[in-house]
Amino acid sequence: MKISRVALYRQLAPETRLQLGLSVTNRTICVLILLASLTAILETEPTLRALSPHLFPILETVFVVLFIGEYLLRLYAIGEEPRYRGVRGRIRYIFSFWALVDLIAILPYFLGFMAQDNAFLVRLFRLLRMLRLARLGRFSQAWSALADALKTRCHELLLSVGVAGLLLLFSSSCLYVVEAAAQPDAFGSVPRALWWSIATLTTVGYGDVTPITAIGKFFAGLTAVAGIGIIAMPTGILAAAFSDAFQKKRVYSGDE
Amino acid sequence: MKISRVALYRQLAPETRLQLGLSVTNRTICVLILLASLTAILETEPTLRALSPHLFPILETVFVVLFIGEYLLRLYAIGEEPRYRGVRGRIRYIFSFWALVDLIAILPYFLGFMAQDNAFLVRLFRLLRMLRLARLGRFSQAWSALADALKTRCHELLLSVGVAGLLLLFSSSCLYVVEAAAQPDAFGSVPRALWWSIATLTTVGYGDVTPITAIGKFFAGLTAVAGIGIIAMPTGILAAAFSDAFQKKRVYSGDE
Amino acid sequence: MKISRVALYRQLAPETRLQLGLSVTNRTICVLILLASLTAILETEPTLRALSPHLFPILETVFVVLFIGEYLLRLYAIGEEPRYRGVRGRIRYIFSFWALVDLIAILPYFLGFMAQDNAFLVRLFRLLRMLRLARLGRFSQAWSALADALKTRCHELLLSVGVAGLLLLFSSSCLYVVEAAAQPDAFGSVPRALWWSIATLTTVGYGDVTPITAIGKFFAGLTAVAGIGIIAMPTGILAAAFSDAFQKKRVYSGDE
Amino acid sequence: MKISRVALYRQLAPETRLQLGLSVTNRTICVLILLASLTAILETEPTLRALSPHLFPILETVFVVLFIGEYLLRLYAIGEEPRYRGVRGRIRYIFSFWALVDLIAILPYFLGFMAQDNAFLVRLFRLLRMLRLARLGRFSQAWSALADALKTRCHELLLSVGVAGLLLLFSSSCLYVVEAAAQPDAFGSVPRALWWSIATLTTVGYGDVTPITAIGKFFAGLTAVAGIGIIAMPTGILAAAFSDAFQKKRVYSGDE
């Protein structure tokens, strides 16, 4: 069962099959990435770990072995591209963006052993495993249309973020001035008031911290109303950007 | 009082009266469906059941008898359509989509008796009764315009759901890493942190679970801000899609 | 100081001065309405009533006397319009829409005395006083542009309300099935679960009632995500309607 | 190291370098303003003040000395503009808008000493320090495009604020009528009910106050649904305004 390097390269590189869609190999890899991420998510739950203590480490080892195999195959097949030919080309490939992302998907497994005693590091390495999902980006040329619409209005979106930031500071400063005396724990400083302020301006509204003085409630009401503007501005900009993008497409494709 | 099968078919099939609107018979059926659903909703309330223990079973029996009558009439009248003629045609009709929906509206009544002792099954069969509302779909050709606008932008909407899903995983993973030590019950695993994360990203913000550490609050603030984007993106896409649909209509109808 | 009936009519009827804006008399009446409403709002606060027990009844009497004077002057001046001339015309005027609204602004004062002992009726008559704000509608021809945009998309907006209603019923039924056993008080019937469901679908999220079982949280998460659609659909429809209205205006005014 | 007044003026006045962007001097000033604001924010946190009691006063003094220096340099360099020449011109400059803003950025430092004993005044002067951020407005000609889009739809936006205000009053009056008996503390007057009403209509939903009677919950549900409209209307207007502005730009720039 000998597979030529050309055939392997065509199976692994999504750029070579633009009209054909993802190859069988790459589809399998996508499913593997999703399964590995799901395993990493479920492994964090202690009640599931308790059910079968050996299942998750075994699954993780299987996934890592498969990803190492994929990594080595890619390293071999990439020789088809002229700029990655030879030993120096391979080293250049290893430091290319997607190859590094592939490496990051493998490394946490080995680092995991170093962090056995430190609960925080164990959690951090589990989080790194979930970054494997970023590998899916290699296979998706789909969302460029959406990203383009965002990019053309980047300036306006940043500006609305800036306006939101100033409103955030202003409302938390106001609440700090009027509520600090009544609730020093929640509003005793501007950084503390920011927690309430961000929950209100984004209309999340946890309710763990709320003003209790009449004047504090008055400013809180103004903040909540301003929050509608904070939501309306980026939404309006995005709606206009998408509308623009869809219309341009219609005009160019001669649909009208 | 003999009614021909043709007249009956015209009364029952909404497709035959596109310009005339719903027939008197079908309007009566719509009202019956709404009343039966309202009865099913109110029956779940124990205080109302206690008021008159026999009212709801009697009403339910009346509705089911009427729906069975309607079902049999439809089965008889459908013979007007060539492809549903004869015994084999009738069997084919029974397994057609809307006939199955009609059957689902009747069956829970008979299944209900099997579940007398199991409180969960009783509740489940009551829920099935509410699915009768789906039967209204047979009579509505109205919302196709809205559905079309959704369908043309299906790709972009799915993509924004994907982006939302990744943000959801990322924010719950971050909170798991930084808050698990302080609140193991609420943030002790990624699936647990997902509950907080979904409430924050959708800006619902119940407040039953909130981060208490400073670093947790920082990541929570970022999540809340990202939530605005999560709302702004589908809203923007839908606004652009509707704007497109309304304009196309204006252009085709020569309004401009 | 004799004022002719024509001059009085011109002062009181906003339709006669379309280009000139509101007359001095009508502006004074608008300010009076706002002041009377503010008084009615503040009067409900017991701590303010305690400060000066006689101030609010006196203010209320002053406002009612002024409104009665205005009512009688309008009744006299309306004779300038041919269809309201004579005694029969005046009776026809009394039963016209805005004259009834004017009457409703006066009547609660006299009804108030009947409800001295019943706290609920006292509150209800205070609410009726606030309906005086509706009288401002007589003076505003401004918001017709906004109302027109709403009206042209009335069908789509109603449809999205219908979709929201079905989602509301469906999500509360699901939560009733899975959560009733764990929390009979909050989810023991579909009507009870509706309270949670409406707070979640509108992304208000009080947090006074939240699911506690894992399966309940799963359906709650789906409901919260559906809530984004519930907000996005009317927003998108309105955005498209306004965009349409603004563009039509530009086209007709030859701005482009 | 002698710098001519012309060169200094060119460094300080952003209007003179429209195509070149901000000068090195003005960029440094922007960074200084951001640092001074950050310091003012962090200084409010008692735990940070406790870490090094002398750091914040020293930093504040350094910033104020630098801002005074900048103020004097601006006062000297402004002589390049004909209308601010001579002593009378300088006095006119001192009372110009941006010069007053610059002064407000300096004064709180000196006023701060007067308020040593009054905790509220101390907090108020700290808030004034944060107003320094307003000085950044002098350097930004960027957000005029966004402001223009807002201005052209100012009328519609004000109208939607008016509609929101009426809904706010109406919903809080309703809740006052039906819930005052059950919860006199939270709904005992219209102003008290306003706090709940604003949190619900803006979909913030703290949950510190929620109706408990069935009829109260019914009106609360209606309010929550109305809240979607309150968010949808300004969002729709803004989306249409931005869409209009972007299209006008495309038409004028001949992109289509």
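When the chains are written out, they are named A, B, C and D in that same order, and each has its own residue count from 1.
Here, a contact is a pair of C-beta atoms (placed from the backbone, for glycine too) under 8 Å apart; a residue touches a chain by one contact, two chains touch by 3 or more.
Computed from a prediction, not measured in an experiment: that's the story for all the values here.
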{"item": "For subunit C, the least number of touch steps when starting out from subunit A", "value": "1"}
{"item": "Far-end chain from subunit D, centres as C-alpha averages", "value": "B"}
{"item": "Inter-copy rotation, subunit C to subunit D, in degrees (Cα atoms; steps of 5)", "value": "90"}
{"item": "Interface numbering overlap (same over half, different under half) for subunit A and subunit D", "value": "different"}
{"item": "Whole-Å separation of chain centres (CA-atom averages), subunit B against subunit C", "value": "31"}
{"item": "Between subunit B and subunit D, centroid-to-centroid distance (C-alpha), Å", "value": "44"}
{"item": "Sites on subunit C at which at least two other chains make contact", "value": "203-207, 231, 235-237, 239-241, 243"}
{"item": "Residue numbers on subunit A that touch subunit B, as the complex places them", "value": "37, 41-42, 44-46, 119-120, 123-124, 126-127, 130, 133, 142-143, 145-146, 164, 194-195, 198-199, 202-208, 230-231, 234-235, 237-243, 245-247, 250, 256"}
{"item": "Touching residues on subunit A, where the partner in the complex is subunit C", "value": "203-207, 235-236, 239, 243"}
{"item": "Subunit A partner contacts - residues on subunit B that touch it in the complex", "value": "153, 155-156, 159-160, 162-163, 166, 169-170, 173-174, 176-177, 180-181, 188-192, 200, 203-207, 210, 217, 221, 224-225, 227-229, 231-233, 235-237, 239-241, 243-244, 251"}
